[in-house]
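Order as written gives the chain letters A, B and C; numbering starts at 1 within each chain.
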Amino acid sequence: MINSLRKNIKGIVIEGITLFSAILIVTIVVVMLTVIFIGGKDQLSWEFLTSFPTDGMTKGGIFPALYGTALLVIIMSIAAVPFGTITAIYLTEYAKENSIIAKTIRFAVRTLAVIPSIIYGLFGLGFFIKFVGTHIDGAFFGGELKWGQPNLLWASLTMALLTLPVVIVSVEEALKTVPQELRAASLALGATKWQTIWKVVLPGSLSGIMTGTILAVSRGAGEVAPILFTGAAYYLATLPGLGDQFMVLGYHIYVLTTQSANVDQTLPIQFGTTCVLLLLTFTLNMSAVILRYRIRKKKNS
Amino acid sequence: MGRKKNKGKSSNYSDSESHDSGLIDITRKKFRLGDYVAEKVIKGVAFLSITIIVLIFTFVFREAFPIFNSSNGEKKEAAVQTVKDSQETYGSVTDQTPVAQTQETYGSVVDTSAKEGVQETYGEVTDKQQVQEQYGVQTSQDQDTISASKSTYTVNAGSGTDDNRSAIKTLITKDWVPVSDKPRYGILALIIGTFKITLISMLFAAPLAILAALYTAVFATKKMKEIIKPTIELLAGFPSVVIGFFALMVLATFLQNFFHYETRLNSFVGGIAMGIAAIPIIFTITEDALTAVPKSFYEASLALGASKWQTAFFVILPAATPGIFAAILLGIGRVFGETMIALMATGNAALMTLNPFDSVRTLAATIGAEMAEVVFGDTHYNVLFLIGSMLFIFTFVINAIAEFYVKGKLMKRIQGK
Amino acid sequence: MILEKIHTENMYLYYSGKMALKDISIQIPEKKVTAFIGPSGCGKSTFLRSLNRMNDLIDGVKIEGKVMIDAINIYDKNIDVVNLRKKVGMVFQKSNPFAKSIYENIAYGPKINGINNKNQLDEIVETALKNAAIWDEVKDRLGDSALGLSGGQQQRLCIARTLAVNPEIVLMDEPASALDPLSTAKIEELIVQLKEKYTIVIVTHNMQQAARISDNTAFFYLGELIEYDKTKKIFTNPERKQTEDYITGRFG
């Protein structure tokens, strides 16, 4: 009797500890959200989003940072989504599940996913800027320094490499939800493999490609380390083009909090910018989650 | 690109085919350009991810490599005059000579066989013998001129060769003073700092995430699961700069008021913040491993009269150990290379202490903070790439262990020993 | 000797090294309905799928012996599998319409064959739907999603889709097994009509169905072809004991 009671208490305590851990994590998230939203909500206005920083970045808005972030993720998606999708098609449609090639590619994809983002920054610098860029300058501009320096294009491509695994994994999952019977039906009608993929498999996994794109964009919008020295700029008075450095939300937060001369004075802007970035990534992530939920539901029905 | 072409082609070739089936010829394999091109393109692109890894290896290491060569390079002090050109390649890139070529040859100085490989890869150099000799000279000279010409950034009294040589010597010390009269590149303090912060973050995140995963997998009601899982997913979507910001602005103050330590930003704050960033990884993988444990284990244990928590701790948790191990490994990998949080919340002082309440500087943060200001081709620049290579190797190995060792073990365990 | 439409000789099929079909030799006549019967797992579906090389999609399948269609071995090196499947169509056990409109489902095959002329496509779609005896039910809603049709309609749509490619042989893998009796009756009726134009091979686990619609019946058991004869003979006076046992319901 007593023994079992003790056992019960022990059980309750242990279950309590696990419950406490779960609640603590949820609390941390809620606190972070609350603090940032409360700190930033007064800043959020149309004006904040659409005007340039003024007074040595202590006042004004974040428009150039928003603009730079948008350009960054667009160029990044243009590079990452097709390549990611094609890789996923190879893995699901062409490669044999247990072939060495497929296994190696999968391992490579997972490795890409865990490489620290700062390494991508180094790679962007070493490869895109110092190797590709310098060669382009040498070949087309007579050695004049044009592409051999940090800019939007190189930063976007660096970010594309970083987000490639995100796209691959999402698209692969979506391709797998297309029933095997549909592929069989198409092939039995005399369609070639590629016709089957193009007309049956891909249309059936469009929402998965969308999910992958959104997740990649969300990731790319928030990452700072890869662009620290491949293109991000402290302050620019004009909007950037492909060959220019650019302002970006995450980097803006970083420089305002650590590099600015008067951190306290810019505190509202810091909270405001963080709030905007968080809202942006959340909206994207939520839509991806909803899309993915729909795909899974479709699969199970 | 391949696709469009394809679509057109696929209808083209079949136009010639009659719809009347009686005439379909099956005895000869038809060449279908569309399918052929599509397959080749897809296969080619699929190798991209492997290529990228190889490229990362190559290019990150390449920029780090000169450090090890310079100690040999000192012998070739002569022929100072010949160098004018290559010097420019580094500094301002006005010369036609591609940088790559110059750098390749660093390899060649140290090891002729290595040079073979490098040359093949870039296929630039035509006359090996000559080039090797010439660049061997340039190597030492390069460093010299650069450090001199860029003295605005790096006040450097010694010659480039000296600099590089001493760089190697100072590598295994604790002084990280890259910008000074006598630059020292001791990375010991950085390494210790990184491990310290990794340890702190894991001590915080691992138990929390694993226990929470255990709760979610075993005890939680459906409703609780629907709260916990999306929250974790939400946390996974937090950009690390946002977590860094939170740590810097809120957490640091809160913890200082609570524990009353001296330095506001230190490895403890940074470790906790990084732990927050690592929680989603550890949680997700652990939860996957726990739910992968067959239901029969669970039922058998309950049938033997064990209670729910006993089953959870003595049956399910042990069965999922390899998966949890992988979760922790990947969590470590995440923290080890984390840059933004380290930059913002750790104080960034390269102190070699074991006190968790001292400021600390991690390897990744060092790269992040200094790379933007460094002179391309400088020793400092090379050392930063060397640090990058170390980070890369570390995470690569960790991932490989998690992937092969752990997965194999987990499979064995679940599918019956 | 005159070869029939389909003709196999000493055909063996291995699945990952394990023998799944053993020494199958059979002659299937043109414009007749041939039924394959036998207990589940006896290899009848596997055999059917090897007649248009759908087994190629499965890793580790190896085939020995001859599988001839119109006196051509379809496992020859030079065979164009894509064209083979245009010639030998297939209807699957589970109806599998594409998530497209009814019209687009039927037009899929012709379009792949390069027919893009709207009038021609309209005509093919109408003919195919009429041949599959579903035209009257869907003619007013060709633009609707095929997934909105009932199970029986979906299956007839799939038959129509196969017919639209104008094959010579139609393989059917238990096409009515998932349908209600009424839909099944419609499909059976349809099959009997179709044999005027097409050679039909149907796998069924329903012996009454085989008896009702087929001209010839083959009985498979444990990967072997036990008996093959006129349907009437198989069901009234089988040669082999195993066949008789199966038909009289003593096992399976």
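Quick note on the criterion: contacts are C-beta pairs under 8 Å (C-beta built on N, C-alpha and C of every residue); 3 or more make two chains touch, one makes a residue touch a chain.
What you see is a predicted model; the values in this text were computed from it and never measured.
In terms of Cα centroid distance from the overall Cα mean, chain A ranks first. For the pairs A-B and B-C, the count of C-beta pairs in contact is higher at A-B.
Centres computed as Cα averages put chain A at a distance of 48 Å from chain C. In this assembly, the C-alpha centroid of chain A lies 16 Å from the C-alpha centroid of chain B. In this assembly, the C-alpha centroid of chain B lies 55 Å from the C-alpha centroid of chain C.
With touch defined as above, residues shared between interfaces to two or more other chains in chain B number as follows: 10, 32. Residue positions of chain C with contacts to 2 or more other chains are 82-83, 86, 112-113, 165.
For chain A, the set of residues that touch two or more other chains comprises 192, 195. Across the interface of their complex, chain A is touched by residues 3, 6-7, 10, 32, 34-35, 38-39, 41-43, 45-50, 52-53, 55-56, 59-60, 62-63, 92-100, 207-209, 211-212, 214-216, 218-220, 224, 227-228, 230-235, 237-246, 248-250, 276, 279, 283, 307-310, 312-313, 330, 333-334, 336-340, 343-344, 364, 367-368, 371-372, 376, 384-385, 388, 391-392, 395-396, 398-400, 403 of chain B. If you check the complex, the residues on chain C that touch chain A are 52, 54, 57, 59, 82-83, 85-86, 89-90, 92, 94, 96-99, 108-109, 112-113, 158, 161-162, 165. Residue ranges on chain A touching chain B, taken from their complex, read 7-8, 10-11, 14-15, 17-22, 24-26, 28-30, 32, 35-36, 39, 83, 86-87, 89-91, 93-95, 104-105, 107-112, 114-123, 125-127, 130-131, 134-135, 137-138, 142-145, 148, 161, 164-165, 168, 192-195, 197-198, 218, 221-225, 228-229, 250-251, 253-254, 257-258, 267, 270-271, 274, 277-278, 281-282, 285, 289. Those residues of chain B lying in contact with chain C across their complex are 10-17, 19-22, 24-30, 32. Interface of chain A with chain C (complex): residues 96-97, 179, 181-192, 195, 199-200, 203-204.
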